[in-house]
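First chain A sits with chain B, and in the next complex the same chain sits with chain C.
Right after this comes the complex of A and B.
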């Protein structure tokens, strides 16, 4: 009697401990490299700290200084511009491409177009940025050579955002193309077929069936795009300079990096928290959007 | 009946319908734009710098391998070293991420335990927090620990990946519990169920996830730029933009840079064309389902 109970008891206690053991490695590295740094960054953001020596408590001074600092608002505005001017063409082009590739007459050619349109995503960001620097260069640039001009895309403050936005469009289209393509597969063939039998042409089908059905996917991609756009760093900095882009065209993340490099670690943390607030705002907006849907 | 109508419909349509031609033109044009920078990069890497200044967008007129020779000899073989650094860092990070994420995902998917909801919500909330916030405190902590300028600082802090953990859990939810229960009755332990049943079934998800994580680590620029100042530990992505020649800081050696970019991009392109479906799967991993 006791012999049959014993292994069962052992089993049960094992079953209680096992999940914790499975989670343990994840939990420990999460605590050490995520939670502790997050808490610590709250502390640093309230301090004046150069990276060495002592920290001095300054309250919300770092935040106040950032929020009244023109460069912060300027970089935020730059980020918004990179976001909006790249997102609109990316969304439209990638959606239309997906609809075209998805249409019946194209099914045979899907295998050719899909990888080609996705190709920019496979190229490393750093390498792509450097290639765009060459494409838009004043003397070495393919664009200037084709046009026979010597437009200073990379030095003229008015034009400098153009190469960056072009690269963002070039690189992101492939990604959203694949996302829309897989979204389109959820639309049943019967629906579009029925519309066709009822005499709808392809433009009507697009506006009356495809776009309404895809609406939740549009919302989702819009938010994920926006969150990604606020973290923009590599593209503008590498296309427009060797390390950090000039203030007039710098993205928001530069507020963190320049302050780390300049030894204003408190300011760097405060800028990080402003980024968190922005992203949180977007996420809450996303949740609101989905509630409305239900 | 249905089929004959479909057939009729297909044959009635002229093979060179104007709409179809337009679509082909559009798709071909966009594909061309997508490929064009890659073409400029590869063909430019075979041109001498003088040709780049007059012909940067055509095929090389004067084909040369000199750029690659100079690249490989650059700063006594530093490029190859940095390339291997990147490979080592990306692969080891990805493997460790997948191991601990699949373990945690398994626990969340197949066990009930005290604190499960709390832990899960905590992980969920942290997905909103961008890595950029962590940059500063991590920099302070690692500089105190003496971790800056090392391989471990580029690998270990990244191994707890919440997104990977969620994806693992989501997939494992689809593995039937009866299967695991049967194995348990047959006397299989927890660890054995994980290694011999869960892991083999999860291979497709882990593969797509692995590609995604590998690419994001391979592409990483900001983090190593802050944490690494010693050349010896730098990944290739941090080295590439800083290439200069002969102590000349004014002129950028575009020929050398294009060769370096090609060196970085080509292996990925080859893997992509071999594992296309896996790559495309990895895109939709977390986005559409949610």
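Right after this comes the complex of A and C.
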């Protein structure tokens, strides 16, 4: 009796362990490459540490110093400006392009439009930024040459954000266009057909059917865009400087990189955690906004 | 007699030991060594090929791989910090600027290269040797290129405009010369577009007795007359209308040299390498002069340097190779042929090899050594990388008219206190 039970018990315990064994590789990599570094960065954010040598515990001093640092608030404002002034045109243009490509008239040329609109996403961001740097050059730049002007887009602090925002719009439109296009495919044709039978014209269908149904997609795009926008780094730094963009136009991530470059890893980690909190706050705010409307 | 015999034997033993040490460096299996640089590997690879040609034992012992470890001196220093922090293998030879030297030297991380430099020591220009020497008297870096301040100018254009750089002695003379050359030829003798670089300021400050900190490492400079004057001077240049409004390292800047719309540059000696690349068809038209008398002295970051970390896999061999690389008079001819860098050696002062150049007139060598006599570096603190980011930003805020001088300097000082604390902490 006991002999027949033992293998059964073993089988049961093996069955119980098996799922954990399957997810063990993920758990180990999650621990090694995410959880431990996250905890370690919290620890470093409470230290004064160059990256080598000894660490010195400073408590929340790094956070206090950052929160009382005018340049940090300035860089946060810059990031918000890049975010807002690029997001509005990106969302409008990419959504309208998606609607147009989905329309009956244009749908037959989808194979041409889709890759063309998506192309900027495929281009390497560093290469694109360097090209934009040339396009907006004062003397050699294509824009100034076409206009016959010498506008200092890359040196005048009042204009310096323009090339960056232009590039963000150019680069992001294709990505969100694809997301909106895939969202549009989920709208049942029955709905639009019914609206047409009821006498709705294209504009009415767009505002009364398409946009309300697309709200979950809008929510996704706004949240992912906001997260990406707060991590903005490459475009402003490459277009506006040889190394790091000047204070007047620097994005928030420069708070992290300048501290890394300056050998102050504690402060860099603290800035990173402030960024995490900001993104979380913005995400919760956006989710709340969409929830209310629903 | 016995004493003499003992002495001879002891000396013989010592000589054997030193001989064995020297031989050991190049004995044994071939090793792969890493040379960390920034931007581009091509020039270094050409120089390394010439090095192996002249010193075959290096080629037999080591395969030197040139690797890019950053996009500039700050980037490469950061990469080294990360490698040190992670306990990973360090490159054998690392190219940084003198601005980063204090941080690694004061932390006791660098290999003492005194033994390797010893055969060349008497030939090294004293100001350079002084910079190579650490707090304890050991030698912890070697010059990739000493970078005194020099004025490169187009001889043909200055002649056409009737401007002699030797007669330009003051800041006002320089502005007047800028206007005169622009009116006569349509070219600019400098560019002071924003954002200005930190080195624009540091080149001025390096010639003065100035530091951002007091002797205890506390930041205290907002009321300092030297930095106030430097800020005002750069704004005066920017606002004068005598200089091009384009900023350095922009696409416009390189194009301006290529097209010949910039006809001179108040800069440091390193600029010649860019001139060779950006404006090759202007060969024979460039000359070299001292900065206007009122602004002479100092350097751009002292020197480009080579450092070897104590924990580098082949530190002793790296030091020996770098000593040959930096100071061997014959090999330096080959280096000069590749990148036009004149070695900071006493023997080079009278070496006619450096007096000849297809690109520059005969003034290059003599002006370089005259400027080298006045080589001084800013007394870099271990936290200088962070300091220069802050001061550059407020310099540009002031030059662009967004802040007054008092506001800019006070805010810069406050930010350094806030972000760095104490420079020696």
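Operating definition for what follows: the second predicted complex is superposed on the first by the 253 of 294 C-alpha atoms of A that agree within 3 Å, B and C clash if a C-alpha of one lies under 4 Å from a C-alpha of the other, contacts with A are read in each partner's own complex, and residues count from 1 in each chain.
Just so it is clear, contacts are C-beta pairs under 8 Å (C-beta built on N, C-alpha and C of every residue); 3 or more make two chains touch, one makes a residue touch a chain.
These numbers were taken from a predicted model, which means no experiment stands behind them.
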Chain C versus chain B on the shared chain A, clash or fit after superposition: clash
Chain B versus chain C as contact partner of A:142, first or second or both or neither: first
Touching partner for A:65 - first (chain B), second (chain C), both, neither: second
Superposed model, chain A: greater residue contact from chain B or chain C: B
First, second, both or neither for A:272, with chain B first and chain C second: first
Chain B versus chain C as contact partner of A:260, first or second or both or neither: both
Chain B versus chain C as contact partner of A:124, first or second or both or neither: first
Which superposed partner A:25 touches (first chain B, second chain C, both, neither): first
First, second, both or neither for A:288, with chain B first and chain C second: neither
Contacts of A:51 with chain B and chain C, given as first, second, both or neither: both
Partner chain in contact with A:217 - chain B first, chain C second, else both or neither: first
Common interface residues of chain A - those touching chain B in one complex and chain C in the other: 51, 134, 137, 139-141, 242-243, 259-260, 265
List of chain A residues in touch with chain C within their complex: 48, 50-53, 65, 68-71, 133-134, 137-141, 152, 154-155, 157, 240-244, 246-248, 258-265, 267
Chain B residues within the chain A interface of the complex: 13, 17, 19-20, 23-24, 26-27, 30-31, 33-35, 37-38, 40-41, 44, 52-57, 99-101, 103-104, 106-108, 111, 113, 116, 119, 123, 126, 128-141, 143, 156-160, 162, 165, 189-190, 194, 215, 218-219, 221-222, 225-226, 237, 240-242, 254, 257-258, 260-261, 264-265, 268-269, 272-273, 276, 279-280, 283-284, 287-288, 290
Chain A residues within the chain B interface of the complex: 14-16, 18-20, 22-23, 25-27, 29-30, 33-38, 40-41, 44, 49, 51, 93, 96-97, 100-101, 103, 105-106, 109, 112-132, 134-135, 137, 139-142, 145-146, 170, 173-175, 178-179, 182-183, 186, 202, 217, 220-221, 224, 227, 230-231, 233-234, 238, 242-243, 253, 256-257, 259-260, 265, 268-269, 272-273, 275-276, 279-280, 283
Residue ranges of chain C touching chain A (in the complex, touch as defined): 71-72, 74-75, 77-78, 81-82, 84-85, 103, 107, 109, 193-195, 197, 245-252, 255-256, 261, 382-383, 385-387, 389-390, 392-394, 396-397, 400, 402, 411, 415, 418-421, 425
